[in-house]
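Each chain gets a letter, A, B, C and D, in the order it is written, and its residues are counted from 1.
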């Protein structure tokens, strides 16, 4: 796949923009396809009103799954946004790792649908959380590759900020791992999903700890 | 989520463009997915021509819903276009509020389908109008955040124009509220949808009133 | 919808790019959604191989419809490309007419599916050709609006080239009209679709006639 | 289709960017639509857990097909990326050939679904490999057209690099041809798909051979 055998990084260019654009499009399509799982109840039976109300009630778990998943893909998009803000150059290694990340993003509508339909089965919650974990790990992989010794970063990068982004990127995969454990322990597997809410305070904690470690950190 | 604890706004940059691009993609996908609700009638029975004509007649409410919804998402896109014309900087608060707006846009294909299939049920029309109302309110939220004390606007912004955009952005949510009320009052709930037509003269009225208040307003 | 009551055209800007981008996204999504009509035959029965071969044979009309429709949307995209090459400014009238065009583009997957499933019914072929005709007429509407007295064009525009684009843009809607007539006259309605092939020589004729009218016309 | 009868190539411009953008959007949509073939098993029967586990096991061939196809479309996107890195100008011939390539990209979700559902039937594997072969051949067609005598390339192009890209672009179609042959020879047709793995070492070989032929080749 490599025409150049040394990993000489190319300078920021229209190709980096194209890479970001392609990623954004995949994120946008995956996040918008989620809604296709919210199927309108079949019109049937003598009392349409009852059928509709019953059908909508049955959709509630899928709705919750939709909201959660939109939020999580939204966060991953936002993190991708933040990571690429610091990247100035690209090479084939970056493109490959980014494609792996996009694979997991494009795959997400499936585990989301599974979680919406089988939230009472630990295996469905596990696949859902595992999908989100793989997404997070791929993103970490992209970032580790780009930031290792500042390989593809702006030359004036702040090593503390790089570490902070690394630590923060570990939070979501770790929480997803916790969700998997909970899915097998809790009596109602879908309740494990609520553990995803822990992502926010934990990230805040990471930011706090790093701030205490040094004076005023440079803003991201 | 915040690496910077003061909400220091960043200058207009490639990231703002990426935010706009991502929003445009979600708008474009949502508006194009609407057509998936127009399902071709199943080929069956001895007289295919009759089946087809009958099936097409039954699709008419969905077609009307399709046209209405395309127009309304088109208007929201256009308003997003206009709002971001005045925004010069961004911060995480803007990204968050814009993601909430995109959530409602990405969700719209579901209430549109519901309205098309169950237009005779007040609850379906209510969910449809509520979805459009939440979209409008989220957009208002984005605009209020960006324009409050000119936070993220071009420094030379015109306060009267900001107020005009605010007033105009209230029209669609208020009309959606009216649709909800009508859906429960009218004998045929789907007729409530026609109240959406009131958006255009009411916006014109808002523009007129503001124009009377001052000399020649600066063009938007 | 108009904050400015005189149709003062804005100079070419990031907004025009956003308009083009949004249009491109709708074109790309509509053209890619066509494939969803090519459904894989259900796996059933004792002899899977026979089921598959039989199912694939039955898909042939849809395949032909897919190829035709891809080509026609591709042409419309290309014409959009060419029209906007000459447009330098925008106003709300252009945005409105372009949204009408995008409505017809986003709608196309439905008549395409109809044509694929009911090619033996003149009404299906009619709806298909009418959808393509409306798309072409909307595009003509965009172009007439933009080019009238050179309203939104580059100041140094060539009036003969403008007329040539106008004439060429009339070809597809006229051929679609012919297809509608043929669908009711021919014994096999789907054969009417082949008349779309007339678009190419007729456009070439238009180019030739204009070339004869003057010396070397300026290249488009 | 041609307003200009001589194939005068236009200089690199916003139109070339629009062409690339449109292509990227089609790639992104096609690659993301693949997931729609991974349908969640129907919830039914008394023991939901057994139904789910059984359903997931049955999805495995589709999953493998999904992973393979994502990788192959990803590679084609990457090659498109690389080809257009060298193209500086465009003409209608390039647009036409690129539309043909996009046709095959937009078509791919169908053979992918076929391969996932009927991997045990040589005809399904053949259609799948043929779809990938046509995609590769179209890409080769784009590249041959653009690079012939350096027609649309940067004037300072490296002829050896052009040849290298040509040779490398032949690898995927040739391997697809091999897959077709194997699908009819092997007892289990879906095993033929694994031959796609040969793409990577063969491309590396091509790079090696060209490197031996000259000193240090210019990096791509």
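FYI, a residue touches a chain if its C-beta (ideal position, glycine included) is under 8 Å from a C-beta of that chain, and two chains touch if they have at least 3 such contacts.
Because the structure is predicted, anything quoted here is derived from the model rather than measured.
Chemist: Compare the two sides of the chain B and chain C interface and say whether they are made mostly of the same residue numbers, over half shared, or of different ones.
Modeler: Both copies touch with mostly different residues.
Chemist: Approximately how many whole Å separate the CA-defined centres of chain B and chain D?
Modeler: Roughly 37 Å separates the two chain centres.
Chemist: Just how far, in Å, is the C-alpha centre of chain B from the one of chain A?
Modeler: 26
Chemist: For chain D, which residues are shared contacts with two or more other chains?
Modeler: 21, 25, 29, 33, 36
Chemist: Considering only which chains touch which, label the overall pattern as line, ring, star, complete or other.
Modeler: The chain contacts form a single closed ring, each chain touching exactly two others.
Chemist: So in the complex, which bits of chain D are touching chain C?
Modeler: Within the complex, chain D contacts chain C at residues 1-4, 6, 8, 14-15, 18-19, 21-22, 25-26, 29-30, 33, 36, 95, 99, 102-103, 106-110, 113-114, 117-118, 120-121, 123-124, 127.
Chemist: Okay, in this complex, where on chain A does chain B touch?
Modeler: Residues 17, 20-21, 24-25, 27-29, 31-36, 38, 40, 43, 48-49, 52-53, 56, 66-67, 70, 74-75, 77-78, 81-82, 85, 161, 164, 200, 203-204, 207, 217, 219-220 of chain A touch chain B in their complex.
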